[in-house]
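The same subunit A turns up in both complexes below, where it pairs with subunit B and then with subunit C.
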Partner chain A sequence: MRFPKFRRLSLYILLVLLAFMFMLPLWTCFTTSFKTVEDVIYTVPMEPPVSPTTEPLRTAFDIMERPLLNSFMFTLAAMILSCLLGSINGYILTKIRFKGSNTVFLLFTIGIFIPYQAVLIPLVLTMSRLGLYNHIGGLILTHTAYGIPITTLLFRNFYGLIPDSLIMAAKTDGAGTWTIYRRIVLPLSLLPFVVAAVFQFTSIWNDFLFGVVLARGAEARPASVALANLKGTTEFQWNVQMAGTLWYALPVLVVYMILGKYLIRGYMAGAIKG
Partner chain B sequence: MRFPSQKVFTKDRIVTSLFFLISPVLVGYFVYVCIGWNVVVSLSDWKGLTPSYNIVGFDQYANLFQDPVFLTALQNNLTLILLFVPTSLSLGLFLAILLDLKVRAEAVFRSIYLLPFALSFVITATLWAWMYNPSIGVINTLIERTGLGFLKSGWITDPNIALYCIVLAIIWQFSGYTMLIFLAGIKSIPESQIMAAEVDGAYGFELYRHVVIPQLKTPALSAFVVLMVFALKAFDFIFVLTGGGPGYSTYVLPLMMFRETFSMTHFAYGAAIATILFLVSLVIVVPYLYLSFRREKE
Partner chain C sequence: MDTWLGPLKDNTVVKMVSITIKNLTKTYGNTIAVKDVSLQIKDKEFFVFLGPSGCGKTTTLLAIAGLIKVDSGEIWIGDDMVTSVEHGIHKVPQEREVAMVFQDFAIYPHMTVFENIAFPLKIRKLKKNDIDESVRKAAEILGISELLERKPRQLSGGQRQRVALGRAIVRKPRVFLMDEPLANLDAKLRVQTRTEIKKLQRELGVTTIYVTHDQVEAMTMADRIMVQRDGVVEQIGTPDELYNHPANLFVAGFIGSPPMNFIDCTLVEKGNRLWLDANEFKIAVPEEMANKLRSYVGEEVIVGIRPEDLYETKTVKEPVPENTIIATIDVIEPVGPYVLLHLRAGQLYLVASVKHTRANIGQQVNIEMDCSKIHIFDKKTARAIL
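After this line comes the complex of A and B, so read on.
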């Protein structure tokens, strides 16, 4: 749409102002992470530090190191597992189909939206029965199971675009169901795998609820829980708190900057055929 | 397409079936069995660390509706929904329209507005704790430096406005997402329609009001459902930022469920709150899924 010059200018001023408001919390987190305690008190939060220091970042890293490692382990494992399962489901639900496959898909999809509060008590009981309470394995199993609904939806949407004739042709050549999946469907799946992986990585990494009910102990504590604890224990050390926040945010920020457009595709699919 | 009916037990089919069985088993157990189990717990009198499945019926639910704390939490949840959902939708629509005006560096602005949504609630809660800190936090410092000192406030430490502070922060986090959904909706309107309307003399915001916005019902509904479900189950952000306080001023149902269950070991009571949350979300989600499935079939 064309606009007179003056209105164009005010449009950009508005956009920049909004961008400033959206970035302000992150920007002050960044500046505060490099400040000494004195700088935190005597400088304006938005200002860069007067005497920059990496001390808060080092202090926070010492506290967050093990939880960050834990988070990486269960996030990557559950991401891979939920993507593989989602891919197989998407294939069966679009290309094989069976009696009741639509019902199965509907039941999966409801799983995307349920408030996890409704499963927390049985989940904790199950995990302690399995000996997976306070255990990386428990978090992997949990995040895999609750990730399946959304990855199935993502893969199903993509596989719906693969022409049935392609599958039919392979079938006439005598290829079986599994062979067709491995030889034909899987090689075409790079894009949905990237989308699902990026989506799962960020949502599992960002999780707090499952972490706080399943792994509060030091053995498997996720970075999200460690950061919440850090906030409780360093009440007046804003620089350390912000440094811890920065460490925990870093992997998602990197993913967002490099693979943001795939994450966006995941968000769109999550809104079911927007 | 179906499985060939003659050879039932080929190795190939067994492998596929086994792999496919994993997911229904996992989802079936962790979603549906667990929900059912939770309902059973909510009908029992389980209190304390030793499990009790002594079924007492709807006692917990009856108690809930006489519990002033529950009613406060329910009211806070409703306030949160009423303020958060419409505002996020409107702000997202506004941002989407701004970015649709053939803006240079649109992608940069879009990424900036969407960024908060990609971050963990624990991160955004920590960030806003620093923003709202009354003594040396960002907002009060900014206010003071611009000579508006009389606007300084205790923010999340003031029980009268703490809930609004939370709403503001989650609007900040979610409006980029609604923007994204609306932007995709706007982009999917055929260019020819826009041009036809322009020929008819529709211009500027008129064009949006009469041509574009009426066609955004589907994205608006998707965003609405996602926001509603979130507002209902919002836990992480509030737990980390205020923990429900000061007093019960920001206490919401998910927080109460967690506190009752895992801090006070009132398992049956907590399970009843969880069941209510589940039922309310079903009321929102099921009609929506029904509509989407029907639309897909057409």
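After this line comes the complex of A and C, so read on.
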């Protein structure tokens, strides 16, 4: 379809405007992170800093260092665990099948729709019984469990595209259930793993509720909670808060930049060609 | 594993492997896929399961491979009972030492050709040297030695097919199971591969079960064929038996291309002779058939005659007037070695396959029937009377 020149021009203007609007908060966050307290007060947020400084970034990092490390550890662990378990579930549910496997799958999908708030009290009780309250282990366990339904759904849909004859061939070739998973299914799963990993990484990294409820002390406090705490009780240090936000957003940005192209390919599944 | 015959690198004598199936039944929900199938396949035999789609032939094959569980019956591979519902035995596929080739080839997309063929040997933890030797031998037999480092997506359909065959032969299985392995190839390649598979099977001497819906494939490749329909065995026999002595209307109509002509007739007795009365014409029953037909006098039967057993009377030296039908030519199809005449005689449509014809479309011709070649079926039971 060919646009007339005027319509094409107005389309571009609209798109640039929308992009600008979308980028504005990020830009503000970026500029403010490099401003002194005086600059924050006397300049418009969108303006670049008059006397640029990295002081806010350093202050924020000092406060956020431990929480960022915490977040990084439990996010990575829960991401790997939930992807692996989801993959195994998907394999069993599509390729092994057993009596009632459809019901089991239904229960998994229901798990996606249970709101976090509904399980908070039993969750806290369970974790303190297990001795995992205020502990990174508790966050790993919770996020893994909460991630399994969605990863299971994702892997199940993808494995539905792997022809059954491939599994049957492997069986007659002499491979057992786990050998088939390890040598046939797993090597074919790069795409769903990337999609599930990115999805899990962002949602676990961004989670606030489980973090604030399960980890009150510094030893397990996630970055999302620490970021909220940057907002002091008496004064607003906008520059430090913005700098903290930058630190907090960095890992997710990096993950997207590295894996973005796989993500788009993975969303358009069906991309396994024999 | 005591049944393990070793990799394909030495010329160890292969064990005698017959297959026995007793009263096999498998249902999916309310659908009966396989119903009470019993058969015996001889050692080294090339045995074909033939039938239209949904007839249960693939289900029977999967049951032999151990890829599905059956509802009742027994399966023996050699003297090894691999399935018995009664005794609660269901050996898993990896214990059955059978190799299977699938319609979509089912080669592993992430492995090279070498790794694909080596897979069954690697699973059995063979020594690296043995694996290497066996894979190269198999590749050599199939003429794919130069493709060993390629990935499946770089191969043509025919080459993928060979990789699938390579993976099957590399470990000297007790039985080859092939599920429509030629269905995804183009017509020319299909004919060529057909011959090659048959030759390969002879050379390796491995008992083979081959599933197809293509009767030409079945007729050309099989030592014996089982024709299946709606899960039931219609007939088991050599290609020659199925073609010349079909047990029922279904087999008669399924085997042969163009298919057999069927004519509704009433058997009548007139002047001491038996006649097949088809309204438009009467056919005299040859004396040697008459005895078996006596008890059917007055009943309706179906006469079957193959297109090549119909002739234009001009080409017959001594036409017999009692066996002649007057028909109009609707269509003439020159196939090459023979000509197909689509004929109409009243309400009746026939196809005749003749060497050549001088007649034109719309013309009336006298068609003679070779009465020694007719098949007569009971209309009620659809079974062959003779």
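The criterion applied here is as follows: the second predicted complex is superposed on the first by the 256 of 274 C-alpha atoms of A that agree within 3 Å, B and C clash if a C-alpha of one lies under 4 Å from a C-alpha of the other, contacts with A are read in each partner's own complex, and residues count from 1 in each chain.
The definition used in the following text is that a contact is a pair of C-beta atoms (placed from the backbone, for glycine too) under 8 Å apart; a residue touches a chain by one contact, two chains touch by 3 or more.
A quick note: this is a predicted structure, and the numbers were derived from the prediction, not measured.
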Which superposed partner A:Ser33 touches (first subunit B, second subunit C, both, neither): neither
Subunit B versus subunit C as contact partner of A:Met168, first or second or both or neither: both
Subunit C versus subunit B, contacts on subunit A by residue: B
Touched partner set for A:Leu18, first subunit B, second subunit C, both or neither: first
Which of subunit B and subunit C A:Gly176 touches, first, second, both or neither: both
Touching partner for A:Ile184 - first (subunit B), second (subunit C), both, neither: second
Partner chain in contact with A:Thr75 - subunit B first, subunit C second, else both or neither: neither
Common interface positions of subunit A, toward subunit B and toward subunit C: 168, 171, 176, 179, 272-274
Subunit B contact footprint on subunit A (complex, rising order): 1, 3, 11-12, 14-15, 18-19, 21-26, 28-29, 32, 40-41, 44-46, 85-86, 88-89, 92, 95-98, 102, 104, 106-111, 113-123, 125-126, 142, 144-146, 148-149, 152, 164, 167-168, 171, 176-179, 181, 202, 205-209, 212-213, 224, 227-228, 231, 238, 241-242, 244-245, 248-249, 252, 256, 260, 263-264, 267-268, 270-274
Touch list for subunit A against partner subunit C, complex: 163, 165-166, 168-176, 179, 183-184, 187-188, 272-274
Parts of subunit C lying in touch with subunit A, wherever the complex brings them together: 62, 65-67, 92-94, 96, 98-100, 102-110, 119-120, 123-124, 152-153, 164, 167, 171, 177
Subunit B - residues contacting subunit A, complex: 1-3, 10, 12-13, 15-16, 19-20, 22-24, 26-27, 29-35, 37-38, 41, 51, 95, 98-99, 101-103, 109, 111-131, 133, 136-138, 141-142, 145, 172, 176-177, 180-181, 184-185, 204, 207, 218-219, 222-223, 225-226, 229, 232-233, 235-236, 239-240, 254, 257-258, 261-262, 267, 270-271, 273-275, 277-278, 281-282, 285-286, 288-289, 292-293, 295-296
